[in-house]
Every structure is written in C-alpha cells, then in structure tokens.
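The chains carry the letters A, B and C, assigned in the order they are written, with residues numbered from 1 in each.
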Amino acid sequence: MKRKLLSALLCVSMAAALLAGCGEKPAEPTTTTPDTPDAGGTEVAAESGDAGSDEEMLIYLVSKGFQHQYWQAVYQGALEAAGEYGVKMEMVGPASESDIQEQVQMLNNAINLKPAAIGLAALDTEACIDLIKVAQDSQIPIIGFDSGVPDAPEGAVYANAATDNYAAGELAAEETYKLIESKITDATEPVRIGVMSQDATAESILNRGYGFVDKMKSLAEAAGKKVSIEGHTNFVDKCGGTVDGADVIIEVVVPAAVQAELSVADGSALLNKEDIIAVYASNQFSGEGLVNADANLHKLGADGVVGVAFDSGKVIMDAIKSGTLSGAVTQDPIAIGYKTVELAVSAAKGETVSDVDTGCKWYTAENMEDEDIAPILYE
Amino acid sequence: MSDKNKKKFTDNPVVKAVGTQRLIALLALCVLFIFFCVASPSFRQYSTFVSIMDASYYIGFMAIGVTFAIITGGIDLSIGTVLVCSSLISGTLATKYDLPVGVCLIVGILIGAMFGLCNGLMVSKMGLPPFIATLGTMMISKGLGSIFTRAQSVTWPQSSESGGWFRNIFKVTLQTDNGLLMIPTGFILLILFAVLMSVILNKTKTGRYILALGSNKEATRLSGVNIAKYETLAYVFSGTFAGIAGVAYAATYSTLLPGNGGGMELDAIAGVVIGGTSMSGGYGTIAGTLIGVFIMSVLKIGLPFVGLQNQYQQFITGFVLIIAVFADVYNRRKKSKN
Amino acid sequence: MGETILRMERIDKSFTGVHALKGVDFDLQKGEVHALMGENGAGKSTLMKILTGIYSKDSGTITYEGREVEFKNPKEAQDAGIAIVHQELNMMNHLTVAQNIFIGREAMNGKIINDKKMNEDAKALFERLNIEIDPAETMGDLTVGKQQMCEIAKAISREVKLIVFDEPTAALTDAEIEELFKIIRDLREKGLGIIYISHRMDEIKVITDRVTVMRDGEYVGTLITKDCTKEDIINMMVGRVIYEEPKQKSMVAADAPVVLSVRHLNAGKMVKDVSFDLHRGEILGFAGLMGAGRTETARAIFGADPVESGEIYMNGKKVEIKCPQDAVAAGIGYLSEDRKRYGIILDKTITENSTMATMEEYQKGLFIDEKKERHVTEQYVTKLKTKTPTVETAVGNLSGGNQQKVVIAKWLVRDCDVLIFDEPTRGIDVGAKSEIYHLMNELAGQGKSIIMISSELPEVLRMSDRIVVMCEGRITGEIPIEEASQENIMTAATLRD
C-alpha cells in the first residue's frame, strides 16, 4: 500500500517536472498517469513452490472491481489455491463496475506481463475482444470467472469458473414460490411479483433475472394460473410477453443508472402496488435498494410482502436476520476464486480443462450460521 | 389582451419579490406534485413524501453549498466525488478502525471542508480557473476515496447496531398504535441549514462580500475588501456541505461505492440553476436552490409510480432546466430593451 | 454643403413609464458634420438607436435619401449605408486587425478563410484613411487610439453614406484626436453625412458645422457652429448659465501640513521614481497625456498593483501598502477612471455600494445593521443630491453622474483623508459635472486632500491648487496654479528624456 502511494506520488512529480520542463504544453502526461486504485492488486508469492516446477508460474486475474465485498471473497479463494499450487497470483480490478475502459487497460497490462494464464471477468466482452485475440496469439490461456467472458471468440477462453446464473435465478424462484404458493393458488384477484435488476446489460445479472422469471412462470402455470410479464422490454420479449387478464403478473424494473436513490425509487413504486406479494432483487445493489425502500414502507416480512435477494453483504444479511427479507441466493465466491486459479494452472500446464459450475446456495435466517453457508457469506 | 396580462404579471409585487424564474420553478414543482398525486393513488401517501425527502437530503446539502461557489462566479465540480470520498474515509474509520461514529461524522465533514479550502486557495490565491481547479480535486478525491478503501465499498452501521444512531438525525421511526411512524427529521435539518446559509448570504458581511465579488470582483477589491478570503470561504462552504451531504447519503443509503460520485455534482448544480442562481455570479438564493432540488427528487421518486422508468427523470429535468433559465433570460432581455 | 440625406420628424418613443422622445426633429445634409448634444438622458442615444434600427419608434417619420424608411434591425440600417462608431470599443482582442474589420463577411477561398486577401483589403482601407496600422497585428496589442481608428475603418469599409460617431474621443490623446479629425474632415469632403456626439465643447467648435441640442427628450434648437459661442450651447443644454473659468489662486493655507508624501515610487514600466507631497485641503491636479502613468501611479499608491520600491508616508508616518485594504486602512480612497469596471457594482443597490468599504461599522453582532446602513446612505443621497427613486435602486439604473456620486459616497462614508479622483467627470454630462466640481471644492474646504487625475486641461486648470504633470511614467513638471496655463502644461506633458 505504502509502496503504491509512493510510486503514485513519483508519477505525479515526474509529470509535474515534465510539465515544468515544456512550459505551456497542455497537461497530457497527467491524464495517462496510472492512477488506478488497484487496491486488491496484491502479490502473493507461494510459500513453497512445487519442487519440480522450473520457474514460478504467474496467474493474473482481472476482476470487475473491488467495490462489492463479493470480490474480496473471490480473492480469498484465489489466494488459497495459489498457495496450494505454489504459484504467484495477482488480482486487479477497476475502481467501479462501469469503468470498462479502465478494465481494458488492466487487461492490456496483464498481457504485457506475459503470465502463465489470465483469469478474466469481463465487464464488456466487445471492449476486450482485441486484447483477447492478442492473448490468444501469444498463447496465454484465458479462464473466465464470475460472469466470465460471454461471446468470446472461439478457443480463446479455455474454461469458465462461474456460477450458473440462470440456475441460480431458478433456485431463487423455487424458494420464493414455496413462500408464496398459497397466496398464488388462493388468490381471487391478480397478484404481482416484482423483479429488481441493476441493469439490463450485464449477462450475469440478466441471466439471474431470466432464470427467475422463467421458473416462476412455469411454476405458476403448473398451478393453473395465467402469467403476464411486464416492465423492461428485454424480459417481456424473452420470457413470454404481456397477457391480458393474467392471474400472476411478473414486473421487471431497471433503474436508469446505477444510483442508489433510483433503485430505491423503483423499489418504493413496486412495494406501493396494491397487488404485490413478492419482490426479488437480483444482486447486492438491487437488494440494498429494496431494503432501503422498505425502510419507509415496512411492507416486507413473513406476513407481508416476501422479499428475496441475491448475494450477501451487511445490509442484506441484517435484513435477513431481522426478517425483512425472507432469504437470498448466494454464490460461492470463494469457490469461484479457487477454481479459477485451479483451472488456470491446469491450462497453463497444457492440460485440457472444462467449465466448472461453482454452485450457489439458498440461505435464510435459520441456516446462515451453518457450516456450509457461513464461510461463503461476506459482509 | 395577452400583452396586458403579461405586463400585469411581471409588475405584480409578489412576482417581483420572488423572481420570475423562481416562480416558474415553484410552479413546476407544484404542477409535478399535483400531477403525480392525480395520476397515481399510491403516490398520495405519507411514505412517498418520506421517500422524496430521503432523495433530497444529499443533493440538497450539496446544492446549498455549491450555491456559494456559483455566486462568486465560479463553479465547484468536486462536490459529488468529495461527498463519496469523505463518507468512504469516515465510514472506513467507523467500521474497520472502530472509531466512535460521532467522531467519524465530524471527520467526514472536515474532509469536505479541507477539499473546499484547497479549491478556494487554488482559485483565489493561485489564480486557477475554478473549472480547472475543481476538476482536479474531483479526480483527486475520487482516487483518494478508492485508495483509502482499497477500492472496496463501505457499509455504515445499521440502525439496529450501536453505531446506527446517526441515522436518526435524518429519520426517526416511532412505534405507535397504528404501526410505525416515520418522521423525516432530515427535512427540518435541511431547512435549518438553508435558513442559516440564507441568513449568512443576505444578512452578514461574509454574504454581502461574496455577492459583491461575484458581481464585480475588481470593484470589490478596490473597495478594500479582502476578496481572496471571501472567495475561499465560498468554496469552503461548498466543500463543507459536500461533507454534510456525505453524512446524509450514508444515513439514507448505507453503502458507498468507491469510484462513484461523478455526476452527483451536476444534479446539485442543476438544482441551483433551476432555482435562479446566476451562473455568471453575483446573484442567487438558497430558497430557489431548494425548490430546484425538490423538483428533481419529486421526479425521481414520482416517475416510477406512473410506470415511467427513471430515464425520464433526466429527460424531464433537462427541459425544466432550460425552460426555467430561458424564462429568466427572456425577461431580462426584454427589460433591458425597454 | 449639399442636399439633405436624412430627415427625422416628430419622432416619439415611450418606454414603460418613461417618455424618452417627445416629437424630436433632426436633419442632416451630405458633406456636413452635425453635432448632437445634450446631457446624459436627454435622448441622444435613443434617437440614434431608432435611426440605426435598434429600437422602433412609436410615431414620426424618417426620410433617408428621399425615401421614407423604418429599419427593423441594425442589419437593415447597415445595408442602407448607415454606420455607427461606438464609444465603447467592440473589438475582439485576440483576433488580428483585419479579422476584426471583416468579421461576419470574411473573404473566402471556397470554405477556407482567405486571410491574405483580408489583410490586403484592410491595408488599402488604411491607406485611404491615411492611417498606419499593420492589418496583421493582434488587436489587443494596439493602443486605444489605434483601436478606435480600426473601429472607424470597419465602419467605412462598407458602402457608407451616413456615419454616427458616439463620443469617439473619450479615450484618445490629443495627437490621436487630431488624426481622427483629419479623417472626419476627409469623410466630409467625400460627401458623407456625419453625426457627431460629444460632451467636449472645444471639439464641437473645431469639427462641426451645425449643433442640435436636446434636453429631456425634447428638441431644443439647432445652431450654426461658427456663429455661436460655447456658452450659447451650454445654456441651451442645461437651461442655466455655467461658468468654466480657471482657478485664480491656490485655496490651500500656506502652512497646511503634508498629509500624503510619496517618495521614489517605482511600479512597473509606467511609474518611475515618482515623488510628490499632498497638503491638507489641497486639490492636486495630475495632468498628462494618455499613457503618461498617472492612473498607474494612483493604483500603485492605493495598493491595487504591486509596488517595486519607494515609500509612502501618511501624516509623516511611513505606511506599508500591499493591497487596497492597507490603503483603505491608512485613509486613502480611490475613485477609478473606469467606474463600471472598478468603481461600482452595477447590479447591487446604492446602499450596498455605499457601504462596501465600511462594512465593519454596520455590523450588529454577526449581522448587518440594515437600518443604520439605509439611514446613512439616505443622508449621503440627500447631501450629494443623488437623483434616485430609493436607496434600494440598483446603481446600474442611474445616470453616469449619479453613479459617480455613489462612488464618492462610498469613500465619504469611509471618512478618508486622501481621495484620489481618476477622471472624475468622464462620461458625465455638463450639469452633473459642475455638481461634482462643487463637491470636490467643498471636500477640500473641509480639510480633505484630493488628487485629481484629468485629461481635460480646462478641468485641471479650473479645479487644481497645484498641478503635477507626468510623461512616460515620470513627473516632468510641478506647476502652481498661479503660473499654470494650457501651454506650459502641454510643454511639460511632452517632455521626453
């Protein structure tokens, strides 16, 4: 940390000297100064490498960021695997999940270091595509993790270590359905289920939504109900469209920007609907928006509107403990980190690798402390 | 006939006192509010009012502060990221280093004030254009927040926890016979600060000099006024209120994400401008600023109730901004021509 | 003198509540220079704005070149061959001279601007006017006088038949004025109609053929210039008699103590080794040509610009003046030559402007004592006879003379011992001028000491007890009023090393 700050200062003073040197020249150099707060980029040297390995292997992970505690758990798992396999591992990520450009720069730097393998959770595959090809040419294997690298060119990504987000969405739907089954089957008036999605661009978040909506629809239809999908066009088009005279309405809302108050506004609007019986928030950000919206309305709860979230984090875990949220699906970020490094090492050694589903789990106030749940929850 | 009416309208003493632009803004606020009330039954309830308040606090505090910077004829682009930076750092101190929350809140406000002081000195002493100086601190504060937190998000203590008491500053939840009652105490706080700053602006030497140097810096200097001091002070107000806005944000939304905050300052500045403060300096009111801020939060909260996604908030705010300012410009032009 | 080019008859114009023009008549002939005179607010500029299409008239007729016309906007007037040279220069300082002159109608090479051709055109234009300016030079680098020439060149670069000069000499040196007059005479020879607006009587006598006087929006009368005296014109303008006689002898007591003493002051290129004394109750005139360093000296004493070396003593005690605050604390007040930029804040009220330098005295606890503030301001409004509806009126709504009174009030409220008046009557009409003179005499009588910088020699001779003359940053003469004449002042003002 100290060293980083020092080198950042060095860059600044160099840029300043350069500026002073060329007088009135505009401040171009400063803009290219890498001011990346690459906080998580900590190097880990293996404590004792495999005696057999000729040189120390470097595995480089480019994540989506470190904003959410989720990534810290990924890092923890990766660290564990690095220690076990005796490789050097470095993990970087942009300051926020909207800094696509910054992530591209980081991937570029990573390729220049010529590591044995790269782990990548792309914010935007399109933006990375040229670099992915470069990596392919230099025969650096890429392992996708978390949401991976959707639509990557053939052969570039050797394998993925990721949650099957669609399946995770389905799990959320099944668990939610258990809690609201009677409300649906006994309903005389139409009932509404809300879905809050952070955005409509990220593949992982979309899939969690699709999985939930599709599954919920089929469950309700199995109970003999007519289902209509409303709200964001992506979902309406993909999951079956708006129908008149439906018994169950699934409404999907997406805020204009990733801003807390916009997500809260969406949540409030959903919770204020007379016919609402459940709301599902498909990531940590939306989950917090739902909890914050309910702070003014107090409609969520076991005997009120059923709230279901995704991932963990302090706000969501507290809400589950207090009963505001009925439960949430969590991925296994530690497993994601661990498996990524494991796959990377295998790929670097030239072994054949294939996709690994790192799994997901449903947790509630009852099982939060359980041995298989507690370690994968993060504050 | 319409011409006659127009004359009557602008000559009306009430209109003159309030100012055409602020009147239009106030009218827009009322129209929007009534529209949402009519269009959506679920909008017409107390909890919606509380939500609107929640969305107003942090923009409101930022806007009150930046009004001063704008009145000097300058601008402060750093307030959004300073808000996030100060709240990230103080939040980290509270959660990771277990400092008392009260101390952390004060530290957060002081960080805002420090950034304001730096901006002020750069503008008044070093002679940097405000746009450049605050663009610089905008980036610096964004980076600093990420460096300090190692780019991780920070979640302030929940109300159920021991450190969560500070949330009651902005919202008190009472248990009553009819269920829970929420009192948006933050609204009272916002109004108190607005009145305080309005008094400073209009009734004290500091405010008088800030208004004067915004109109004509050189004439003010040649009257023997220490303009560097008062210009700096305007930016200190701006920064300090960004710090206070950070507290409000933490109390309302709990979690702060590093790297965010860019763009918040534009919401605040838009509020100030809708409220009738002149971007070229020398004129402005805090009351107008608050009206501008409330227009935006009513839109933010209201639109989802009528089934419009939030994209429409920006879209409509843009129109309100242009119409409000144009009405004022048009009036002035007509006046100067007569 | 030839046929009539312009005839304006019974022109009437009202703004909300103000009857600005009441049936005004005016006519202009080809090859004539016709002065339009009147105090500020008499309606001269309104009349000219109607002529050039900026305002529309309520009633009356305008006949231009034998046809009745009504210009809807300035462009139409321009196209008809009417040009106006404004008092304030409207130049873009970062563009070249030629680019300024041809702005809006650039010579083009397809889609690319042809700067070379514009430079050549500008050069030809300057040759026609007999001026020496390099068209490729940056406008901001020229002197004010040269910029004015460019403004004229710009005006006549179109097909012009009628040209209006609005106080063209306000910022010019005497030599530059001579040059300007040459050009005007030349244009007259070519048969153009010329309307000339100015407050300077001497110029009117020299350059114009006829004088039309307006007062309070009404037409007063027209005189043939060579058949009338200055006094005739002034009497028509103000409706009362004004004397403009030089002061006979110094009014300062022989044993009056020195209040301000400046020794070997150096500041920048324009203030070199300046030393002088100012006595109690004295009006010390600072004469010199434009750019002689008088304003710079005043600004250096006031701490508005950095001083390199030298000492300043107030009442015998050395004072350190690093910024205007120090000067104000020492009891010095400065009334800038450029009122609107440096003197007042146009969009603030009279009260706010008057108390700007003395805020401390109106503090009641943390707040401003608005009652006291208003009370004191009202006193000064009465005392200085400032014409205004209320003390809460924005200063920008007042006439030039009344604005100057607000600036004076600001420093009187401060109770300064030394007042520096920099061009105190610039842009102020004759009536208000004599009030300002009266006020300055009264202040000196009360024991205040005044430094008066003025470019108008009659003003210097009329007001001063002693005259300091500067040239190129140095003091080149110090003349007691008893010995002063326009001639010996001008001699000192042109003394070079």
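As a working rule, contacts are C-beta pairs under 8 Å (C-beta built on N, C-alpha and C of every residue); 3 or more make two chains touch, one makes a residue touch a chain.
Everything numeric in this text was worked out from a predicted model, so none of it was measured.
Chain contacts in this assembly form an open path, with each chain touching only its neighbours along a single line.
The chain pair with the larger count of C-beta pairs in contact, out of B-C and A-B, is A-B. Computed from the mean C-alpha positions, the centre of chain A lies at a distance of 71 Å from the centre of chain C. A separation of 44 Å divides the Cα centre of chain B from that of chain C. In this assembly, the C-alpha centroid of chain A lies 32 Å from the C-alpha centroid of chain B. Residues of chain A found to touch two or more other chains are absent.
Chain B contributes residues 7, 199, 203-205, 208-209, 211-212, 215-216, 218-226, 282-283, 337-338 to its touches with chain C in the complex. Within the complex formed with chain A, the chain B residues making contact are 42-43, 45, 47-48, 50-51, 54-55, 139, 142-143, 146-147, 149-153, 155, 158, 160, 171, 179-180, 182, 249, 252-255, 257-260, 263, 297, 300-301, 303-305, 309-311, 313-314.
Listed in rising order, the residues of chain C touching chain B in the complex are 15-16, 55, 302, 304, 323-325, 327-329, 334, 336, 341-348, 352, 356-357, 359-360, 363, 366-368, 370, 410.
Put simply, chain A touches chain B in their complex at residues 1, 4-5, 8, 35, 37-40, 65-69, 71-72, 93-96, 98-99, 232, 253-258, 260-262, 264-266, 268-270, 272-274, 288, 292-293, 295-298, 313-315, 318, 322, 379.
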